[in-house]
Each structure stands twice: as structure tokens, then as C-alpha cells.
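These notes open a run of structures that come right after.
What follows is chain A paired twice: with chain B in the first complex and chain C in the second.
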Partner chain A sequence: MHLAKNKQMAITFGLFPALLIYMIFAIYPILQSFYYSFMEWDGFSDMTYVGLSNFKELFQDPLFWNSAKNNIYVVLASVLGQVPIALFIALLLNRKLKGSKIFRTIGFMPVVLSTVVISLTWSLIYNSQDGMINELLRAVGLGALAQNWLGDTQWSMIAVCVTVVWQFVGLYLIIFLAALQNVPEEVLEAARMDGANEWTTTWKITIPMIWETILVAIILCIAGSLRTFDLIYVMTHGGPSHSTDVMALYMFNETFSNLQYGYGSAVSVVIFFFSLLLIFIVTKLLGRKMI
Partner chain B sequence: MKKKISWLLFSVIFVLFLAGCSGNSNEASGSGVIELTVWNDWTEERPENTAYKNMIKQFNKEHEDIQVISESIPHDQYETKLRTQAAGKQLPDMFRVWPGARLKPLVEGNAVLSLNPIMDNWRDKIPEGILKDYAFNEEQYAIPANISETSLIFYNKDIIQQAGYNEFPSSYEGLKKLIAEVNNMGTTPISLGNKAVWPLQSVYISTIADRFTGSEFLPNTLEGEGTFENGQFIKALTVIQELSEMDAFNVDMNTLDEAQSRNEFIAGNAAMHFAGSWAIGPILDNVENTDNIGVAPFPSFAEGEGNQNKIAGVAGGGIAVNSSLSEEKQQAAFKFLKFFYGNQLYQELAKANIIVPVEVEVDGAPEVYKKANSFAQNGLAPVYDATLPPNVTDVINNGLQSITLGEKTPEELAADMQEELENE
Partner chain C sequence: MDTTVGTNSQTYSKSKVKKKRNKKNTIIYIILTLFAIVNAYPIVWMVINSFKSEQEFAVNQFGFPSEFVLENYVSAWNTANFGVLFKNSIFICLAATLITVFIGALASYFLARFSFKMNKIVYTLFLFGMLIPIHATLVPMFILIRNLGLLNSSVTLLFPYIAFNLPITIFILTSFMKAFPKDIEESAIMDGCGIFRIFWSIILPMSRPALATVVILNFINNWNEFSFALVLINDPNLQTLPLGLASFAGQFTTDYGAQMAGLTMTLVPILAFYLLLEKEIVKGMTAGAVKG
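And then the complex of A and B:
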């Protein structure tokens, strides 16, 4: 009894520094954003309380809705691109494949690279004149398909989404690999003994057994996509003509370029609730209690 | 034992944490030397920036009791950082500022110190009309180091000659014909890099709109005595539409930044490049044959109501002083500014082909520099992003990009700008 109490104390004390740091650097700024979102403030002069007018203005701003729409594209591309591709590769690599370690390293590489490096590299790949994609197309006689990938509003969002998917596939690949390695060999063995083929074992046993991990990956994916900022900021600045604007970028521009700290805070509050809502819907849809 | 270790760990983390919190205080160094930090955007390797940095070095050498520390931040991030730090009341002792609308929020937020006590130093040297770019309500907040003409046309003489021109056309109609000829040759007529969305506004519209509307239009509209939906202003915006429809620009204009597009021109891949006087140095330093480069003022517009000889320009290179400095530091900062904005700096800048606000003699200056210098004699038209409030600048910047993509009409952009202005 005495021991358990002591242990609890130790745990509490052990957690305290982390909790303190978390409160100061995560919780407090969020609360502060809520506070600022009711204010009109340019960052320098005194704040004035304006109630909900920032939110009213926000919901009537077509540019905000445009950025929300683009953000949904990023979410869809991530959830429907990153997760299935990562799962597929993970299933392949989980077999006793020669050189699977090398493939794993290659797959994980983009996650380690800095986003700025990735953005600049992909900007070069997409370059309309001497970029790799257009050069390749021209080399195989499909020059007519060459596009101004990042400079054309029709293509810019797709081009950005491809890069986002590429960047994070490796992360989910590693998460799935770890989960797959925890699937007990005996269960699979038993299934095979019962005559289940590879396809059935994968669908009926392996995937259900790592379903929790997949769900976590999807939620991480959504949360990450809603925060997308640096990649697009470097690649396109949200342009051309707002075609790749996402919510975080819109918030950044309104706050720091246009000096509307109150309005920008309102945007971040909306992003906060939007993320909660999306994650809530997804957990409800895909079942299992997560939060 | 375990308990001891966990306590030890806890205290180590806690101490580290406290140490992290207290890192930012500006302690005076014990030796009695006053340290002044100055933020700037002199990251690019160019003669102008070297001149600025040399002035600081020399000042430090001559003044043992004052040491000026320069911190350089890349241009495109600089202003964002400055504004954010200003909002958090964490500005350095001195910092580079841009004039007009971009300085105004700092002045209104009482972040910058008036330089009026030391203004006698420059009164007779720098014309009043140029000083006023850095002044609000009779208070001077920075001294200009240069004049930025924002709208010059650099052209490649060879390419233009091949297109059948010995002289650069002086009218818009002539320019359009030239563009068509160059296009027929399969060469890009104008190299443009509008990824950061300011060039079409600052370089193009500032002068084009002034030619159409006259210089009174902008201040009047901001005062509410006019509107952006003015027919002449819309005609100015239509010029951008017309140019992009006739393929005057490179196709990747919205994915290149300004420096990349300048390099395309330097490499001889385009007949023209529209830019400001900041491009003179880099172009002359990097082209193979400087005699092949010409510079021309913007063309004149037959229907224009403004003075067809003015081009847009504004004072630049000013350094402001933090308003919350101690008396001792203030005096040191004043001493530094008096030294910095002295004859030597203007000489050095002029040698680096920078247009300066004072009269200096430079022998053997290149033709391009002399010509560009002479354009300023006709008076300067206001630069849009130095005059408009930031949110309206944002609308026109992005709107012009939309026009080049055919996603907005000039009329729509004018209406958007007016709406944003009235929302202020």
C-alpha cells in the first residue's frame, strides 16, 4: 500500500515538468487564440472587443471557404493516398523479401528530409520548362501532355497533393510494418492450415488485427493534413490565384501579412473545431472507440 | 535510490526549463561597451549590401565604446518577422524599415523613435520630398539611403535589333508591336517572375496606373474622394490583361520568383525584363556584355491623364530606432545613424550603381545607371505597396495574378479593391 502510494507520487512528479511545459506551450496559446478571436487587434495598438464579428466576417469570406475546400482536397489525398499505399507496401515488405531493409530505408527517407528541401526539389521536378516530368513526357513523345504543373490553377492543387502523399507515405509505412510484426505467426499458421489462401489471410486476419493502428494512422493523417503549411508555403505561396491556399496558410497571411491578429485567431479557432469535428466523424464512421 | 534519481532528473529538467525562459533579456555586457543590434535584409551578395556592412565594420573600428551587431534575415521573411516581433514587443535596438504604409503600423504602435533631434544633420542634403517618405506628422523615423525606382524596362539590344528596332519604343502601341515581333521570333518578350505576387503590382501597376490616373488618384481614393472603380484605373489593370493575353510573358511566370526571372533575362532568354533600380547592379554584374543592355522608362499611354514622364519610386534603405531604448543606447544609436548615413555611404552606393537621394559625383558610371538616374528627375509617382494599406495590397497582388490566369476581369479586381478599402 505504502509502496503504491509512493509510486503514484513519483509518477505525478515525473509527469509534472512535461505537463507544465505542455500547459505553457500548447494549452495556454490555444486559450489565448480563443481570447484574441473576439478582438479586433493589429498587433500593435490596443485591442477592442468585437464579439463574434470576426467569425461573421470569416464565414462570409469566399477566400476562407476556398482555402477550406483546398484543405479538404489535401485531407482526401492523404487519407485515400498515403494510408492505402503505405499499407500495400508494408504488406509486401512484411514478407521475407530479399533486401527489404533497403526498401524500408528508401521508403522512410522522405520523412526524414526537411520539408523545404522536398518543396524545392519538387518545384524543380514540376518546372514547366526543364522539369523532370515534362522532360520525361517529351522524351517518350507525349510532349503534348506537358503542363505548367504549379503555375496552372487546374493542376496546381493536384501537383501539391502528389508531393504531400509522397512525403508521408514512409511514415505510415513504418507504423504499419511495426503493427504487422506484432501479428502472431501462430494465427496466420492456423489459417493456412485451414486452407486459407494469401488473399483471405490478409483480408480476414491481418488487416482486422491491425485495424486499430490503421485508425490511428487515419487520424494522424487528418490532423496532419489540416495543419499543412510549410510545403505549400514554399512551393506556391498558396498561388497562383489562391488555387493552393489552405486554411493554415490563409490564417498566416491574414495574421502576419495583413496584420489582423484577431481575425487570424478566429481562423485558427475555426481550424481547431473543424479538425475536432472531422476526427469525430471519422472515428464514428470507422467504429471502435478512439477518443 | 530510485527516488533520488527521479528527483535529480526532475530538478535538472526544471532548471533547464527556467534557463530557457530567461534567455532573451538584453543584459549589458559588463565591460562598458554599448552593444546595438541592427536587423536588416542584407543577405544577398551584392555591392549595395557590402557597402552597408562595410559601414558598420568601419563604425565599430572607430568607436570602441559602441559595437553594432548586424543580423541579416532573408528579404521575403524579413517583414513578417519584424511585424511579429513588434507585436510581441521584442524588437531589436535598430531595424531596417520600408517607407509609407509599411512603416505606418510601427509608428502608430509607438514602436519607433522619432529622429527629429538629429535631423539638422541631413536637412540641406536630402530633398524634403524624399525625406517625407519616412516621415509621419512632421516626425522623421528613418533616413533614406537610396531611391528605389520601381518601374524600369531593361532590354536586350541584340534581340530588339533582330526584331527590327534600333530604339526602344516610347509608346504603349509601339511596345505592343515590339512584343508581337519578338514573339514571332520564338523568343520570350518579357521575363516575369510573379510567384511572390508583388512584381506585377509594384513594378507594373504603380507606374502604369499613374500614367492613366495621375498621381492625385491614389491619395484621393484612400481619403474616400474617389474609387478604384474609376474608368482610368480599370484601363490600367486592363494593360496587364492585354499583355498576358498577347503572351508577352514567359509561361511559368507564376512559379518563378523575381530573381529567377531576372536570371532568365541575364541569360539572354528574354528580350525585356521590367524591374526596379535594385536590378541594375545584379544585371550589369552578370551579363556578358554590358553594352548590350539598355534601359528605358515605361511607355506612354495615349489615353493617359497623368504625367507620361514620371515613373514610380520611393525612398528606401532606412533604419529605424526602437522607441524603448535607454537614454544611453539612444545616444549611441543616434551617433551610429549620423555616421552611417554620411557622404561615404552615398559615395559607395553610387559606385555600386544605386540611385541615392543626395548629389554625388561618380566618374565612369555605366550608361544604364546614368540613364536610370535621369528618369528620377521628372518626379516620382507613388508606389502602390508603399501607399496602400496591407490588406488592399494583398487584394491587388493576388488579383493581378488572377487576371494573368484569366480568372478575374479588371472590373472585378477594381471592385474587390474598393470593397476591401471600405471594409477597413
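And then the complex of A and C:
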């Protein structure tokens, strides 16, 4: 009895610090944003309850839909860019050629770098005057193709997506490599004995065997690209003329530039549900196809 | 006669296979090299050009600098206040990482080694944090921190950094600690060890590999974090490196040299850290991914 009581106290005491900070600074803000989303509030004076009008306004704002559309572009670029490239390179690296470790090290490198460093570096690369891409084009005599990559509404989203893909290919590369190393050699050997060529073993055996991991990678990819904020904030700030605006940036500007805290919270809530929903749908869709 | 022909054709086909394989390997190496160049060159380009004078950058972007100019570094250090930024980043990173790992390890110990009524619920609650999109909390976080009177102080960033790194920390540590055999504690209790004593002198030392992983993961996350810093810190003297870099680049848009010097200075510590501890870092940064 005495011991049990002691144990109970120790457990409470041990969990308390982590739980306290986590509840106050992670869970509570989420709950608060639900509450604020029903209010009209400039952040300083009194709040007024406005029901669902923030959401109504939000869904009628073409700028919000524009940012949602751009967000979908980022998701598509990530899923269709990062995952296939990473898988392809991982399959090549899995052949255990000499020096594959170096390629792995270089491949993962961008993942550890700060998004701000990456954004600023790529901004310099895309620079309309002295940027690396334009200089390269001029050097090979294609100077006519030089663009103001980030300043032209036609190119800005593409330029941003290229950087997004570049930043995270390495992460999925490593995830796929780990999965590939767990594919038992005997199975592949048996297939080869039966006369299956490399193409067939890859498509019919290796990929189905790591399908679970590919699924996880796609979900991570979606969740990650819905969170895109830092990169675009630093590279273009959503411009030119909202061509690279994404939901998180829209929320940021509405809240902190236009001082609409209630409205901004409503956007937060929408982002929150939108990402949960998308992850749920993809899990269902791909999960079913697998079986 | 027949046999000779057979061997001949066999050796012939063997060397043909070998040739084919060599050709294939060459193609693979070419693809991998291209991949490596695309991955590394943007960074290499930036670092090399940070040592060129403005005039040289305009005419010669792709070669090595004719002479290494440190002027960019001096101007970045002085105008962007890099000394202060470094100090802030190091303090925030170390403090947040230490606190997160310590209280996270303590919580993980109880979640992994004790059965009690709320165990499953508490654990799930922590894991749920990995699904929260951080940007959905920027607005309420700003209001919360403001209401607590904590905006613009040297410890402001510790709170969100600790809270949002706890889920992955607890996830990694709990699954590691769960794998220890049950009788460790039993014999310790026989020897008269208290619950916290067991944590401190048995469980923590045994968890060293997992602790290394979470320390690294926390450190990199905190070192690179931008959004919370952007929203919660205005005072230039309290900015962290990513925030300071971004505002510096925003102010001196055309001073490419100084920008590249600043970027290089931010980059080098993390890159050195990565090359030194690659295995652990890769393990940490992919740990969240393999949770499914």
C-alpha cells in the first residue's frame, strides 16, 4: 500500500514537467485557435462573437482559394517530384557500388540545412541579373531564355517548387534506402533463378515489398508540403501578386499585417483540418490499392 | 572438340556479360554523379562566391576566386550583428535541447516502464503532437506568449521549442526504453534503489544511443527553426541566426557578397556537425518517418 502510493506520486511527479509544458504550449494553442476563430478581434480591443462569419468570409475570398491552389501545387510537386526521384536514386544506391556512401552523404545534406539558408541561397541562384541559372544560360548561348525567375508570375511557382523538391529528396532517399536494405536477398535471388530480369524483380518484388514505406513517405510528403511557410516567406513573400501565396502565408498576412486575429485563427483551423483530412484520404486510397 | 567450343563460347559470353555490366555501372555512376552535383553545387557555388569581391562575382561566377577576399565576412559580421545572433542561437539551442531531453526522458521512463491507468492516453496525447501543423499554432501562440508577458525575452523561444520537440523525443525514447528486460529494475529494487535513482543511474546510462539521437534531432530542429522566432521575437538583440539572416537579406537585398558570407557562416557549423555525426543524424531525422 505504502509502496503503491509512493509509485503513484513518482509517476505524477515524473510526467508533470513534460505534460505541463506540452499542454500549455502545444495543445492549448490549438484549442484556443478554435475559440478565436468564432470571434472578430484585432488582437487588442475586446472580442466580439461572430459565429461562423469568419469561415463564410474565408470561403468566399478568392485570395484564400488562390493560396489553397498554390498549396496543392506544392503538394503535387513534392509527391510527384521527391518520391520518384528519391526512389530511383535509392534503387541505384542499393546496388552497393563503390562510393555509394559518398552519394548518400551528399544526398542527405540539404535536409539538415536551415530552410532560411536554402531559401536565400536559391534566391541568389534565381536572381534576375547575376543569378547562377541566368549566368549558366548565357554561358551556353541561351541567354534569351534568362528570366526573372522569382519575379515573373509565370515562373515563380515553378521556381519555388523546384527548391522544395531539392530540399527534401534526401530525406525520402534515406527512408527508401533503409527499407530496401530490409528486402531479403533470398527472395530476389529466387526470382533471378526463375529467370526474372532486373526490371521485373524491381517492379514485381522490390517495390511491392517496400510499398508500405512508400506510402509513409507520401503521407510525410503531403504533411510536410502543407506546412510550407518559411521557404516561401523568405523567397518571395507570396509574391509577385500572390502567385506563390500558400495557406500558412495567407494566414500570417491576414493576422499580423491586417490585424485580424479571429480571421487568422479561422484560417489556422482550416489548415489543421485540411492536413488531417488529406492524410486520412491518402491513407485510405493507397492503403486499399495495396491489398 | 565440342567441349572446347563450349568453353570458348562460355568465356565469350562471360566477358560479354561483364562488359554489359560495366557499361551499366558507368551509366549508373553518371546518373549518381549528376544527382550529387545538383544536390551539392548550389551550396558550393554560394560558399565559393562568398570569397569573391563584388566585381569578380559579376564577371566570374563559376571559377575559384582569383584571391580570397574576406571583406564580405567583415561586412556581414558588422552589419548583421552576427556575434549576437550566434550567441542567441547557441543559448536557445542548448537550453531547449537539454530541457526537452531531460523532461522527455523522465516522462518516457514512466511511460515505458510503469503500467498505470492514464499511460496509454498520455502517450497518445504526446504522439498527437507530431500531427499538429506548427503554422496552425502561430497566431494562438503569439497571443498566449503575449498574455503571459513573455514576448521578446531571451527565454521566449524555449517554450514553443520544448513543447513541439517533446512528441518526437518521447516517441523515440519510450520505444527504446520499452525494449529493456524487466528484471533490471527488479534487481535494483532488491538492492534498495528508489524509483528516481533507477532512472538516473540505470535507465539513463542504458539509453545513451537513443539519447544521442534525440539530442541531435532537437539541436538541428532548434538551430534551423524560423516561424516561431519570426512571430515571437522583434528585438534585433534577441534574434536567432535564421531570423537575423532573413532580415539582413531583406535589408541589404543587393549586397550579395555579404549575404553569401552570412549564409556560409550559418551553414558551416551545421555542416561540420553533419559530416562528423552523419550516422546519428540520419537516424534521428528519419526516426519520425518510420513510426508507422
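Everything that follows uses one rule, which is that the second predicted complex is superposed on the first by the 262 of 291 C-alpha atoms of A that agree within 3 Å, B and C clash if a C-alpha of one lies under 4 Å from a C-alpha of the other, contacts with A are read in each partner's own complex, and residues count from 1 in each chain.
We take it that a residue touches a chain if its C-beta (ideal position, glycine included) is under 8 Å from a C-beta of that chain, and two chains touch if they have at least 3 such contacts.
Note that this is a predicted model, so its numbers are computed, not measured.
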First (chain B), second (chain C), both or neither touched by A:Val183: neither
First (chain B), second (chain C), both or neither touched by A:Ile21: both
Partner chain(s) touched by A:Ala146 [first = chain B, second = chain C, both, neither]: neither
First (chain B), second (chain C), both or neither touched by A:Leu259: first
Contacts of A:Ala10 with chain B and chain C, given as first, second, both or neither: both
Larger contact residue set on chain A - chain B or chain C: C
Partner chain(s) touched by A:Ala248 [first = chain B, second = chain C, both, neither]: second
Partner chain(s) touched by A:Ala191 [first = chain B, second = chain C, both, neither]: neither
Which of chain B and chain C A:Asp42 touches, first, second, both or neither: first
Touching both chain B and chain C, residues of chain A: 6, 10, 14, 17, 21, 43, 123, 127, 256, 261
Sites on chain A touched by chain B in the complex: 6, 10, 13-14, 16-17, 20-21, 42-45, 123, 126-129, 148, 150-153, 236-237, 239-242, 253, 256-261
Footprint of chain A on chain B - complex, ascending: 2-3, 6-7, 9-10, 13-14, 17, 80, 83-84, 86-87, 105-106, 108-111, 195-197, 251-255, 390-391, 394, 398, 401-402, 404-405, 407-408
Complex interface listing, chain A residues touching chain C: 6-8, 10-11, 14-15, 17-19, 21-22, 24-30, 32-33, 36, 43, 89, 92-93, 95, 97, 100, 102-103, 105-117, 119-125, 127, 130, 132, 135, 139, 166, 169-171, 174-175, 178, 212-213, 215-217, 219-220, 223, 226-227, 229-230, 233-234, 248, 251-252, 255-256, 261, 264-265, 268-269, 271-272, 275-276, 279
Chain A partner contacts - residues on chain C that touch it in the complex: 25, 28-29, 31-32, 35-36, 38-40, 42-43, 45-46, 57-58, 61-62, 103-104, 106-107, 109-111, 114, 116, 122, 125-126, 129, 131-144, 159-160, 162-164, 166-167, 170, 195-196, 199, 220, 223-224, 226-227, 230-231, 241-243, 245-246, 249, 256, 259-260, 263, 266-267, 270-271, 273-275, 278, 281-282, 285-286, 289-290, 292
